[in-house]
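Chain IDs A, B, C and D follow the sequence of writing; residue 1 opens each chain.
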Amino acid sequence: MVARSDDTLQTSDAGTAEQSAADLERAEALALQLEVVRGASRRLVEPLSAEDCQPQSMPDASPVKWHLAHTTWFLETFVLEPALDGFIPFHPDYRVIFNSYYQTVGAQHPRPQRGLLTRPSLEDVWRYREHVERRVADLLRGGGIDETLCDVVELGLHHEQQHQELILTDIKHLFAQSDLRVAYDGAAAAPSRQAVADLAWRTFNGGTVRIGHDGNGFAFDNETPRHRMIVEPYALATRLITNGEYLEFMRDGGYETPSLWLSDGWATIQQQGWSAPLYWSRESAGWQLFTLGGMRELRGDEPVTHISFYEADAFATWAGARLPGEAEWELAAGGQLKGGNFAESRLFHPRPASPADRRELSQMFGDVWEWTRSPYTPYPGYRPATGALGEYNGKFMANQMVLRGGSCATPRSHIRATYRNFFPPDARWQFSGLRLARDS
Amino acid sequence: MVARSDDTLQTSDAGTAEQSAADLERAEALALQLEVVRGASRRLVEPLSAEDCQPQSMPDASPVKWHLAHTTWFLETFVLEPALDGFIPFHPDYRVIFNSYYQTVGAQHPRPQRGLLTRPSLEDVWRYREHVERRVADLLRGGGIDETLCDVVELGLHHEQQHQELILTDIKHLFAQSDLRVAYDGAAAAPSRQAVADLAWRTFNGGTVRIGHDGNGFAFDNETPRHRMIVEPYALATRLITNGEYLEFMRDGGYETPSLWLSDGWATIQQQGWSAPLYWSRESAGWQLFTLGGMRELRGDEPVTHISFYEADAFATWAGARLPGEAEWELAAGGQLKGGNFAESRLFHPRPASPADRRELSQMFGDVWEWTRSPYTPYPGYRPATGALGEYNGKFMANQMVLRGGSCATPRSHIRATYRNFFPPDARWQFSGLRLARDS
Amino acid sequence: MVARSDDTLQTSDAGTAEQSAADLERAEALALQLEVVRGASRRLVEPLSAEDCQPQSMPDASPVKWHLAHTTWFLETFVLEPALDGFIPFHPDYRVIFNSYYQTVGAQHPRPQRGLLTRPSLEDVWRYREHVERRVADLLRGGGIDETLCDVVELGLHHEQQHQELILTDIKHLFAQSDLRVAYDGAAAAPSRQAVADLAWRTFNGGTVRIGHDGNGFAFDNETPRHRMIVEPYALATRLITNGEYLEFMRDGGYETPSLWLSDGWATIQQQGWSAPLYWSRESAGWQLFTLGGMRELRGDEPVTHISFYEADAFATWAGARLPGEAEWELAAGGQLKGGNFAESRLFHPRPASPADRRELSQMFGDVWEWTRSPYTPYPGYRPATGALGEYNGKFMANQMVLRGGSCATPRSHIRATYRNFFPPDARWQFSGLRLARDS
Amino acid sequence: MVARSDDTLQTSDAGTAEQSAADLERAEALALQLEVVRGASRRLVEPLSAEDCQPQSMPDASPVKWHLAHTTWFLETFVLEPALDGFIPFHPDYRVIFNSYYQTVGAQHPRPQRGLLTRPSLEDVWRYREHVERRVADLLRGGGIDETLCDVVELGLHHEQQHQELILTDIKHLFAQSDLRVAYDGAAAAPSRQAVADLAWRTFNGGTVRIGHDGNGFAFDNETPRHRMIVEPYALATRLITNGEYLEFMRDGGYETPSLWLSDGWATIQQQGWSAPLYWSRESAGWQLFTLGGMRELRGDEPVTHISFYEADAFATWAGARLPGEAEWELAAGGQLKGGNFAESRLFHPRPASPADRRELSQMFGDVWEWTRSPYTPYPGYRPATGALGEYNGKFMANQMVLRGGSCATPRSHIRATYRNFFPPDARWQFSGLRLARDS
């Protein structure tokens, strides 16, 4: 099935430049990260069969197998191909079928039909991964890689972490379609009930502030340039909104009251027939929740998640508040430790806020992505990368809203205060929730 | 994953009636057929991986795994359940997820989402098959089964043969979606070029005739009752229309000439953008054809296939002829030997007509299903079976056209002169082709 | 706005043949009919404003103004153009915008956008009608028209009558979309309550019979050729099914019982959300009905109407009966007087059966079109007309069902026992109802 | 048809407060504006027949008759109803059928079916307008109206001006659907060819600036509150982009180059099949343009219009520039005189820039709405009005982009530097164009 290329490691001219000691150290560090990140992907897929990795449950999702191959294609196309003289691809067809949306690279397999690619098999994809991984590691350790390519390797690892989160949200969506209600991991979403403190607020003065990434460490291009802006005084709720609070909104007729909703939001809930968050189902025994640990009772103290921007916005309106702007969120998060409930805890489900946190901001990182009221737009002076990688972020800057802070499915090392995630306002299959804000 | 039931073979009252020797012989013969037919399904799936058996390439198709499980569900639900005291299903959820369309039995998994059921695994489905097969065989050989249930077993085996054909057409459709153009079987569709004779006609007098099944041997309810009708004199072409003749139609502007088309047909080819049969693609090297043996050159002498009723009808109009009525076809086929190119040849592709056959009807059975101009309607006096099995055929008697004769994907023992296959007029993924007819 | 042509009446060679006395008489008779039929169209439109004649309420319907112009285009294109030397069209654009579906004639304005043609105005369309009418009348009375063209004039008048019925059903559909529930004619649908007799049956022996038009008088090509067929013994209900009987079906869960429905029918009612006939609405005061006389109470004794084939079929199944075949209907109707409730009564609504009619067939003509279980197919030996007029009927012979007998919106002179009307199985906006049949 | 109410002018308590002299002056001024604005609507409709005013050419557009009635409904509902004791509506059904989207007020006729309301007639709508107009005028001149209601009258007049622009763009869209290519006004879009100067740039320093309306004179709530923000140095092109420049983009493969497009933009042009602005058509004689004056040659010196945000953005990317942010535009426009080509000129088409304007900003007001790169979001501290009028603007703040400056179809008195128009990024039927910006 798989045509394997015999490319021996002839690095191209691009990689023959003299390397400084710092470069060598960086390359070595990247080689270690490559192992760690790629190993994390492997572990994520362990509970799944080849058949589990095959289907695509909706056009927005992708098969697990495709995620594994696409992240490999990324390294092959953007690292190996420019780095290696006489580069031969692992399999010529992979160039097309595992290209996501890089028009500059070439044709793509139609997105809604990714689940129909039964070949290559999962086993072949593991071989593809090993083949590319080994060559990238050799490049990094062989000294034959310049700073630009190091940057691309680093981007490729963060790219892989993004797909790790998608693997979790896509498999959750897939398993939710079956009457068998399969658990991805029996230990996931184990409840830790505790009394949640009443909602409290913390105020911020705002003023002329600086927003965006400062250049220390990795960031995506969409976090730059760091720039000044004026933020008016505001307050943020110290914790996320819970299922219990969301149920109050529902019981108060939230889904039947048009004045609470944006016009497009109201149209969406009518058309989709939404009357609760995704994965909630009303059973005779009360509200049940589908989680990566299977079906279980809904807990009132856990953060609400799997809601669209429209629902987050309507809840905030009902609560007499609003969603935070992304600058407000970033300003508040800047001073926070990046503790939280991430993918590494393998809970894969948001956790109740600690009552001890009442006065301080809590849950800013991890648990759930927080919808902001900011459309996803370029920062003043934004320049996308040149070449195909310029398609990574910039071309999506329309019709999407920014989310901040990472979730229980995000790797801890992937997130930072300046990180801008983005999804269309009707997307619900991510671990998305909300924190209230208000003018102060 | 799979909850296995502990049902020991307690046959229910329904099965305890005294059995005649003839009944016992019939049951024994069915037990042998059960092995043969179920074994044929197993062999069909041998070239496929578990991943190949997972996806559903379009709502009209089903995953191979689902076909294997559904045909087993049929035997479990309609044979084991009524036959066994204290029947316990193999897995309670299978009742829903492998029910195709029997509303009387209960709820069904949404048809377009069959490809999302990654559990049970293919291995579990094989266990399910073995479990049910063994119990049905025990029933047949244990004497604990009456004539009515024997009828249902027989129906279940013909039902399984229908799904064998669908396994082939559905996997062909699936593999055609991938740029890798995978072959199901490298030996399939091997060309056997030979000079095809010019089209000749054989005339029939018609008159008052009897149509429909006479009750000797198995038939589906839709083939009954046998009834009189008047058929005017007519002629049939002695062979199928070839790719070469279809190409002439195309070159003569067939797809651009509205006067050749039924109104719905013209609308369909505009909307779908059809300008050739399914699986044809125009390459620089000429027309190529996707087959179960992979991609290869189109042969002019092979029967055209994968065309819709609309295309068959337009071709016939262009040729100054028409499609046969189903009675005309049946009348002509009645005197024919049931020789032909069936699934057993493992060619899985239609074969050119033998030039020797010029004067006599050839290719009536096997090769391709022949579109007739007859809408699929009940015969006068038709009564569907009672109970859930009444849903087998009758409820589809609207908006479909009758096809006759079987194809290269049909098991030989499955077809007969009175057999009525039916598909909507825009269906193309079956091995469907055409034979011309005219008034005489 | 309107470019008027100055075509003086120079008849072309086609019309200069010597005319027999019979031909002249026929032409004179046609000239009279032309006045009568065209006058009937005018009277139908009298209650309507220019604005009422403008919109198209769904793609299947057409604006009244378009009907008036299209029927005129028909006479201009198929009579004046071949008859007149140096023919100049009334307006060159009309050739396109008022062509319905004659691909042979040329391009057409997109069907779903007929309601957007605000020009020509209704007044201009009246002028167009007068212009063409006068020239056709001159042709008929001037002796310059041969038999072939007389046939086309006759076809054009029957064509106009078909559109008269559509004017009524389309304006009813339009007015039903408005909350104002406008009455087309305040006197229409006046109730004439009377006790309806219990359902009775009349049996027929069938046998080898002749079906189709015998050539005496006008018929559409789809009624020919007259041909033999075998009809098994059967019985027909002596009257139509009433609203009261249909309500019983509804109360018995008819719309919630899948086993009563054809598979496509069940899918249709789910998708469309149908739970009653079109134009019924359940108010606090009980079931209300929208009629051409406005909104009023539903009467149990009136024939049910505005139901699809699927609903008629499901009702028949529920009632333990079936729909008649079109031959069964024609055979029974052959001996009937063509009395009934037609458009001329200006009731525009079906009337209860007379209790006196209990034993005899009643309501065969007029009141409502009766769904048969016969798909609309060509009769054996059918040949469509040559040229563009061949598109009149033949190309619609797929995916439609035959209805028989005419309705309260059909002109009396338009209908006959052999008349085959046809609509897709989900069409409801015509005056369609049902009569039960059964084997006997 | 129309039930006329007999409400005599009993002003309710809400209106009996003591009126200051200033209030009386304002009310008198509003009474004059009422006459002027309502008279302008009347004049706009003069070239149209009742039939022209009936259809709705797409769901986003509305019938002219509906615009006339809805703006009247607005005054009746938000001014007369609260102001008058014992208020009786002109017609109870109008409350529903002429309500656009005010959920708080009650039910609405389905938006895509506005063109099906043939009743009330246009004549009745004129009577409705006169009835309401007279009562509002009486209120204003009778002293029985407080400041709050004066505010609503003023809002109602600006609301009517918005619909005047929509009347023009909707009738243009309607007439473009017909093969007759009707001119709304034969004198419209008269060409005034002149040499257009090369594109020049004017730079702005930015800094900490104030944006939004300062409270002097009327503004919509979405223009408030005035607030500080930081704007980086930038430059604006001194004139609009022309058809000639847009043709260069097209000839350079603009519509075939995915890297120029936002991802959603590329998907949109594929799906819609766009390869030129709306209303352009390529004829043998070159590019033709449909205008409110009918069909005519495309002029290279005129501003390009009827393009979507996606097309404007792709052009800017191709040109190595970007679209302005709305603050950048407002800052630049603040110092400009509001001269320009508005609806009052009755050209109804954008005019070439004067070559004399080369160095100075020109065409900032009028001609075409300028797409900005700013999503339509609430200003910091934004509060929608309370009650139903809170639905006027706020609920549309998602998935839309801001446009600035007014167009050739905007009344001059309607526009100002702070005015924020908004449309979805794929909207093309407004007079929308673009001006380039860049960082400086």
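As a convention for this text, a contact is a pair of C-beta atoms (placed from the backbone, for glycine too) under 8 Å apart; a residue touches a chain by one contact, two chains touch by 3 or more.
What you see is a predicted model; the values in this text were computed from it and never measured.
The chains that touch both subunit B and subunit C are none; no such chain exists.
Distance from the centre of subunit B peaks at D, each centre being the average of the chain's Cα atoms.
For the pair subunit A and subunit C, the distance between C-alpha centroids works out to 60 Å.
Taking the mean of the C-alpha atoms as each chain's centre, subunit A and subunit B sit 46 Å apart. Work out the mean CA point of subunit A and of subunit D, and you get 39 Å between them.
Of all possible chain pairs, the ones that touch are A-B, A-D, B-C, C-D. Looking at the complex, you find that subunit D touches subunit A at residues 101, 103-104, 208, 227-230, 232, 258-259, 261-266, 309-310, 313, 325, 373-375, 377-378, 380-381, 390-391, 395-399, 425, 439.
Residue ranges of subunit B in contact with subunit A, taken from their complex: 1, 49-55, 57, 65, 93, 96-97, 109, 113, 115-122, 174, 177-180, 182.
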